[in-house]
Amino acid sequence: MPLTGLQIFKLLPNTNCKKCGYPTCLTFAMKLAAGKESLEKCADASPEAKAALGAASAPPIRGVTIGQGARAVTVGEETVFFRHEKTFVRRPGLFQTFDPAGLAAAGRDARLDHWRAIRIERAGETFQVDGIAVVETPGAAQPAESAAAAAAAAERGFPVAILAATLPGATAVAERIKEHRPLLVPPAGADPEAYAAMAARLGIPLVVGAPDLNSLADRAREAAGAGVTDILLEPPGGDPRSLHHSLSAIRRGALDRIHPGLGHPVFLRVGAGEIEKAVLGITKFASLVALDDCGGETWLPLWTLRQNLYTDPQKPLQMDPGLYAIGEPNDRSPVLVTSNFSLTYFIVSTEAEASGVACHLAVVDAEGLSVLTAWSAGKFSGDRVAKALREMKAAERVSHRTVIIPGYVPAISGELEDALGDGWRVLVGPQEASDIAPFFRDVWEPLARDPGAQP
Amino acid sequence: MSLDLKPKKWAGALREVTLGAGSRRPLTVGGGNGLPLHTFEAAFPHRPVLALEITDVDPVRWVESVRQPWEGVLGRPAEAARRAVGEFGADLLLVHLMGAHPDRGNRSPEQAAADAGAVLEAVDVPLIVKGPGAGQKQNDVLARVAESCRGEGLALHSATNEDYKTLAAVAVAYGHVLVAESPIDVNIAKQLDILLADANVDLNRALIDPLTGGLGYGLEYTYSVMERIRLAALGGDAMLNCPIVCLVGEETWKAKEARVSAGKEPLWGDQRERGIHWEVTTAMALIEAGAEVLVLRHPEALARIRKQLDSWFGKTSGGAPCR
Amino acid sequence: MPSHTVRFSPSGRSTITAEGSSILRAAELAAEPVRAECGGRGACGRCLVRILEGQVPEYRVLRRESGFPHVLACLTPVHGPLTVEPLVEAQLPKLVSGDRYIGTQALRAWAPWPLELAPLVESREPEDLGVALDAGTTTLRMLLIRLSDGVIVGEAGAYNPQIARGADVISRIVAAEKGGLGDLAAAVRLAVVSMIGEAAAAGGLDPGRIRGYVVAGNATMIHLLLGEDPSGIRRVPSQPRALAFPPVDGADLGWPGGACTPVHSVPGAGGWVGGDILAGAVRAGFSRAVETALYVDLGTNGEIVFGNADFALACACSAGPAFEGGGIRCGMRADRGAVDGASIDAENGAVDLSVIGGGGVRGLCGSGLIALADALFRAGWIDRGGRLTGRVPGERRVEGKWGTAIALSDDRRVALWERDLASLIRAKAAVFAGIRSLVNSLGPGGPSIERAYVSGNFGRYLNLPAAVGIGLLPDIPLGRYGYIDNGSLEGAALSLLSREFFAEIAAYLTRVTYVDLSELAGYMDEFVGASFLPHTSPDLLRMR
């Protein structure tokens, strides 16, 4: 269990010397507790403090890195069962399964280049194929084919997983690309010791599978005992129900530290047409998923799901800043400004909709805080609102130059007018959202009819 | 070494809520005493149920790949109902009275009641009736429908913190179930249930709609709010243990990722498959977070989700013979 | 440049103002309190005045009533002599003044541990005086104290004239940034001189006998008073020019006193936790307490301190003006005619209101609002969201253009509106969420609230059961609560009379950690949870 702010405070010197950059030891302790600082900053931390903090912070699920270089994938180090308890930390890697059997080099390279070129931008993130899971096909000529394919993938910077079929075949591939830290995935029913020995010898990460959870935990521990430092678990369960059970049990068992063999990230294989299995994997803690060949219609929802679940839930629910249309506004419709705290947005937009007057709702990034809170924290100033309105190109959407601010922050009106310039005028709107309809009726409409009048 | 994986036991459980009465074949949801789908350690007397959305007028904004399976019956509620139940296997239906919205046809409360009545005649599954939004009009429409379909155990969608008194009164007066809608916030969901209970609504006749954010458009917020609601319910909070309903179809098919053709975005793959995947992914994720009633649009999405649920709960054929 | 006389009615205040400057500026110079929430930009519409005599430009006239033009004071230039009457919207309610404190031996009454009389400023004659000043954002309060025995001999209160530049600190900082620093400093210094004159006259005292001053206020108020640039305060992170300023000579501020009359300001712990709060917390005994205590200032900024001798956490939640009667339709300060208590007999619908000074109901002050909300809730007349229920007797219901209300006066003109209750709920939610967030920020198993102090300008007293009943304050044994009338003023007085006390504040501030609620994950969640009567999850009200 991580230590609380108070527990950490009691381990610190309590001199408020400020060498760590914080005004008091208590501030520093609270930052440490929130995971936003590291103890190194405290020049005078005692050995006891270092030991206590070290032990408490070792993650129950080890981190594992596959591949190396810029595109290496690191997974694990998770600390919670529910994302809202804190956050999920390391997004799972989604690998493309690749069977090179029967492909000439040119064809093989073309596929790899195609996958390499995939880039989809969404909400500030670039979706790419994270790695290639090369299928090793048994047969005499084939090891060379698989090894060549693995090498070609690795050369293109992809992290590689080896979906082994035979021990000699897998060895050949692994030997070929061992500097690239490939993940070794034994076939179902394989001899765990032999693969563990190979992984230990080559110093590469290994997937450990088993027909049931007990054996899985034991085998993982044995593999660790045999010198494999980086392990992923492949959970038993051929149908959604059993798989869900395994995934949940492994995560819970790891967090409760029931068995050291459970404290590893999870690996999952998903066939074509099995998007639901991948969804289950991503929601239920899988760290690496190898998907059979499928197109963007499968990748895009999965990438988006991963993006959604692995955002930090500590941030309050925020709307994306921007100009939202309420009803069907035109260039003469009023412009209302509000913060991007979702609740504020819902309340204001509901009342605005109910008013029957179409309008533009300018949602300003206030870091998910309500108007009053944001303003008092300096996050809803005239300058900030002006900048937001410019970014939303509000001036292009309306022919008038009036903007209505929430009634609780008349103080920003001067600054806002100055910052907007260009003849913009600020109207102080109602304090309560429920007064939006009367405000439109009693203040906006007369003004719209006769712009020269004073409000 | 044998793993000591103790099953988790909880103090509380979900309420069981029965949808449909009178001439309906009733459907009960909820009652589970563990985390969603954790059948290995808890008991779930009822499985999540799958509804299809039908509309009173032609939903012109539905993208073509969703309209296609409904061809010929869009905007004809009784016929759409028969297809939904007979061919597509829906467990229940959501009748969306969008045509009553002032901007979309402004159909009267009487017309709405007639549409609802026609659906009641056509099929015998429970109905959720969704109003047109638009404040007072919604109250008028739903009150009229509630009165004319009294005793049928409709689920009226929806009451909110700001506006719940009318629907609370008609739900109680005419024997219906009330859907309590809150804007993705645990506290507000609880506040609404408290206000409803104070207004004499029996919470064993209520569902929670936490407002579904579709995949890519707030899914994670709904997901976490639902997990928190489930944990509160299992911890014994009697104001947060109504079963949850998610309007997945409506939210997911709005997304551009569900609608844009591969011609415009070649990397995005086939639009028809992609849209169905969008709906299925949202629904499956929310089932894992605790959804007990899912409202969908594409029958193929429904079929795929049913197949998944069969793994946990055993095969059912869903739906019922139509009249 | 010609100048003109502007007279204000009915107060009789007047001033001479330069040709072309605004009526609002004249009000500022005359120390006539006129609301100007947007700081005089013509944006908030609050500074409405009626011109009784004189001419104003026609294009500024909004309307005429009985022939008298109504204009916005901030936009209307003075081109000749005027007699001006601020309209109801522009008026600030009257300030309580009186003789609450006179005769009190401050050390004996307020010292949290035995303090010897050892004034911070040098005193030789038995009639020497010292001044303790609470420089609040909205109100100034001052005590004249005899240094030889620590007895309070004079007191006065006034509105901070800086209100004309905006109701809140940020708009004043902005005004200062735009070159208004000199005016803002001059205005508040002059107001103090006025108060001293008033208190001295009332008590037959000689201001020349003043030997020194101790001022407690938030960082912005101190910066403005001393003429220091406050712009750093509103940066993130907040960077005031200093947390502790060296004493300045009273003469430099234009204040009475002999040669070398020092003005000490109580140091603060940061841009948002000022000397006023620290003075109050140390006055409440924090610096020597073994027990962990809570200090809540129920003002606009809602500062909260939680700690003891070893540590202190402080935050400011933006509660808004509801506790001081602001933003409430019929809100007023605690003065004659203000409702400050209420009880309701649910059986027969009888409403019993306690009114300051007896007599007719003129409005609602902060403590009345809290008491009434609690009484209404207990009687079932409002639901947990603060909306009227069917139980409100028909004759008490008022429907108007602001929605629905419960009548309080016989003529139904004074009423409590649903939107007022919404403002109250929002304000109390901010405070309670701040308290919970602060106390829980140390993690589970942290210290509990063993004592609690409440301070603020909401009335003569606070109905604690009502405050707990609506979920404003935590549900802890009532015996743990203490009420401090004005922690800032009392702390300033103790500082004046005891060097030891003043030094203790300076030492304590190094142990204070400021917590920025807007950075605290979960604060908005707590806020929404607390936006219910008494709370969405009432078991969270109990804080051991």
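We call the chains A, B and C, going by the order they appear; numbering starts again at 1 in every chain.
To be clear about the criterion, contacts are C-beta pairs under 8 Å (C-beta built on N, C-alpha and C of every residue); 3 or more make two chains touch, one makes a residue touch a chain.
On a predicted model such as this, the values are computed, not experimentally measured, just so you know.
Under the stated contact rule, the graph of chain-to-chain touches is complete, every pair of chains being in contact.
Across the two candidate interfaces, A-B and B-C, the one carrying more C-beta contacts is A-B. In this assembly, the C-alpha centroid of chain A lies 45 Å from the C-alpha centroid of chain C.
In this assembly, the C-alpha centroid of chain A lies 28 Å from the C-alpha centroid of chain B. With each centre defined as the average position of its C-alpha atoms, the distance from chain B to chain C rounds to 50 Å.
Residue positions of chain C touching 2 or more other chains: 525, 528. Among all residues of chain B, those that touch two or more other chains are 185, 188. Within chain A, residues 343 each touch two or more of the remaining chains. Listing the residues of chain B that touch chain A in their complex gives 1-5, 8, 37-40, 103, 133-135, 162, 183-185, 188, 215-216, 218-221, 223-224, 227-228, 231, 257, 262, 265-271, 273-274, 277-278, 280-281, 284-285, 288, 304, 308, 311-312. Contact residues on chain B toward chain C in their complex (touch as defined above): 161, 185-188, 190-191, 194-195, 198, 237. Those residues of chain A that touch chain C in the shared complex are 3-7, 9, 14, 16, 23-24, 26-27, 30, 33-34, 314-316, 341, 343, 367-370, 372-379, 381, 408, 410-411, 413-415, 417, 426-428, 431-432, 434-435, 438, 454-455. Interface residues of chain C facing chain A in the complex, by the touch rule stated above, are 37-39, 41-46, 62, 72, 166-168, 170-171, 174, 234-236, 301, 310-311, 313, 316-318, 320, 327, 401-403, 419, 422-423, 426, 430, 441-447, 510-518, 521-525, 527-528. Contact residues of chain A toward chain B in the complex are 82-84, 118-120, 122-123, 213-214, 217-218, 239-241, 244-245, 248-249, 252-253, 258-259, 262, 275-276, 279-280, 283-284, 295-302, 304-305, 307-309, 311, 313, 317, 327-328, 342-343, 346, 350, 353-354.
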